[in-house]
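Here's the structure, in structure tokens; my notes come after.
Lettered A, B and C in written order, each chain numbered from 1.
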Amino acid sequence: MNLESTLEALLFLSSEPLGAEALADATGAELHEVVSSLERLREHYEFERRGLVLRELAGGWVLSTHPDAEPAARRLLARPRTPALTPAQAETLAIVAYLQPVSRPEIARIRGVNAESAAATLLERGLIEEAGRSQFGAVLYRTTELFLKLFGLNSLEELPEPSEFDPAPELEAELRERLLQAGEARAGA
Amino acid sequence: MNLESTLEALLFLSSEPLGAEALADATGAELHEVVSSLERLREHYEFERRGLVLRELAGGWVLSTHPDAEPAARRLLARPRTPALTPAQAETLAIVAYLQPVSRPEIARIRGVNAESAAATLLERGLIEEAGRSQFGAVLYRTTELFLKLFGLNSLEELPEPSEFDPAPELEAELRERLLQAGEARAGA
Amino acid sequence: MRIADLELDLDVFAGPFDLLLTLVLREEIDLLEVDLAEVVIAYIDHLEERGELELEAATEFLVLIAALLELKSRLLLPGEEVEELIELDPGEAAEELLARLLDAHRYRAAATDLRERLAAQEGHRFRSAPLPPSLRRASLAQAGAVYDPALLGRALGGLLQIPEPVDVRHMVGSRVTVAERLAYLRALLRRGSFSFDEAVTRADRVTVAVTLYALLELYKQGELDWSQDEPFGEITIEPGRRIGVLSPAGTSERLTA
């Protein structure tokens, strides 16, 4: 593989600008060869009217998309990031919605399995957010305004009554206690 | 900007495989135009010996670096691409891939040993994910899109038939003999 | 080592492992009376003596012992299924064990295939630069109702379900004695240190309590030391350094009489 193509691959992998020295170290080529190959690569993108642009920024070289592709990129990426919730995400979100503020250890206890990745996705999608720390130092979560909008709710009061789904409505125990008991039973099963 | 270059830009921005439909929506082009432009782009990378490769993986199109750039990438990023799987992880992953959705007790039953830590690592690495619960409340697992992507598969159908892994008839015969006849002989002795 | 050659010395059986297997299959020995944990410990002792671990043999052993455990657990359950199992002739039971072995072989081969596939992808790297955070979530201004609140109610309802408790009324109450647990703990101690959790893996509450009592007894006699770094933390147990300092005539015999 020629130097220009190797540099293209390295630039593709890095989201940060890469210095010519670092590229020379990685490819084992001379610095002046690297610089002239980078120049050729830049011209290739430009003259062939490719979708990528190679620019020298902040003392390094970085690939980015051509500005002409931006409208399409916006349509592709800015579409509401609302894929269907996985069962793990739905369980985690339900626990946060009904018990907020609630800590991650509590969520894990109720589910009987770790909730780390589900919580991270819900955070990234802006459905839940941090709400301080519990007395034991665990991060607490609550739902967001975006959550209400995406579920078409005016307020948390409009969440379905737990009793609608409650297998044992005659039990008067608190929702939190009941969930923790069920979680422990699952973990022991 | 022409369609091929716009597609190149969109593929550059997305680390996940992109379906041709989503690309058609974003670019406003016809599906068949998108598909033939993607083919042309793939050929461009191949015939011009660029540093990038366009492949159809996990049901979509995704850019990756050319394997020839791997030694330089390793020097630049100073870390291996993906850690290899331990035998226990590979066995657990194989059982999930072929029997999904499958519960952890089932995996343990087939392996003859606990699958807890292997499953946790596979979850953490995003190769498997939760897929609801069995009738007994056990968490079920399935493989992810990332699994397909990292293993170079377009879909699960590309995995070999499980029967291809059937033990050789001689091995089966030998096991049968060891189980039954050897024991019988001793018992009779 | 061939699994068949593992010599066992159990309460109900002394001889090679494959003979035990055959006798169980022929119902000349009641599986319910075989302490499978003892078989496992004998196997581990055997491995340690030899100082080597043959993966092939170890896997075969694990799968066989797991199959026996499952058969045994099914024997403990009431109902028609048991009748069926008890009437299972040795040939059929062996077929079941064989099927388990073949399954294990099959998925081990599939695992090798997956590892090769992953290795073949070595060198293809994907771009993982993150999108700007604003593109990672729906914008609040444009968000509309896309999710049904009933989804949350259903998820919560599912979490409120307490799984059916396993009916164990038919099972014989556990008759664990301090003497048994003392012997078990001494066997563990001979191999070095271990954690309390390891000593009571999958044990019922009575066994845990009796084990703790046995531990106290051994501690009193200087046969073990234990430590715990924090409340509710792991309890590490190791062979005591005071053996022989105290009177060898411990109280355990009296206690277990």
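The working rule: contacts are C-beta pairs under 8 Å (C-beta built on N, C-alpha and C of every residue); 3 or more make two chains touch, one makes a residue touch a chain.
Please read all numbers here as calculations on a predicted model, not as lab measurements.
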item: Central chain of the complex, centres being mean CA coordinates; value: B
item: Farthest-lying chain, centroid of Cα atoms versus that of chain A; value: C
item: Chain A and chain B, separation of their C-alpha mean positions in angstrom; value: 21
item: Rounded Å distance between chain B and chain C, as computed from the means of their C-alpha atoms; value: 30
item: Inter-chain centre distance, chain A versus chain C - centres from mean C-alpha coordinates, in Å; value: 37
item: Multi-partner residues of chain B (each touching 2 or more other chains); value: 12-13, 63, 65-66, 68-69, 73, 133, 136-137
item: Residues of chain C touching at least two other chains; value: 125, 127-129, 131, 158, 161, 163
item: Contact footprint of chain B on chain C as seen in their complex; value: 4, 16, 18-19, 21-23, 25-26, 28, 59, 62-63, 65-67, 70, 90-91, 94, 97-98, 100-115, 117-129, 131, 158, 161, 163
item: Touching residues (chain side chain B, partner chain C) in the complex; value: 12-13, 15, 53, 55, 62-70, 73, 81-82, 84-85, 87, 90-91, 93-95, 97-98, 109-113, 133, 136-137, 149-153, 160, 162, 165-167, 171-172, 175-176, 178-180, 182-184, 186-187
item: Residues of chain C touching chain A in the complex; value: 125, 127-131, 135-140, 142-163, 165-166
item: Partner chain B, residues of chain A touching it in the complex; value: 1-2, 4-10, 12-14, 18, 22-23, 25-28, 49-52, 63, 65-66, 68-69, 72-73, 75-77, 86-88, 112-114, 117, 186, 189
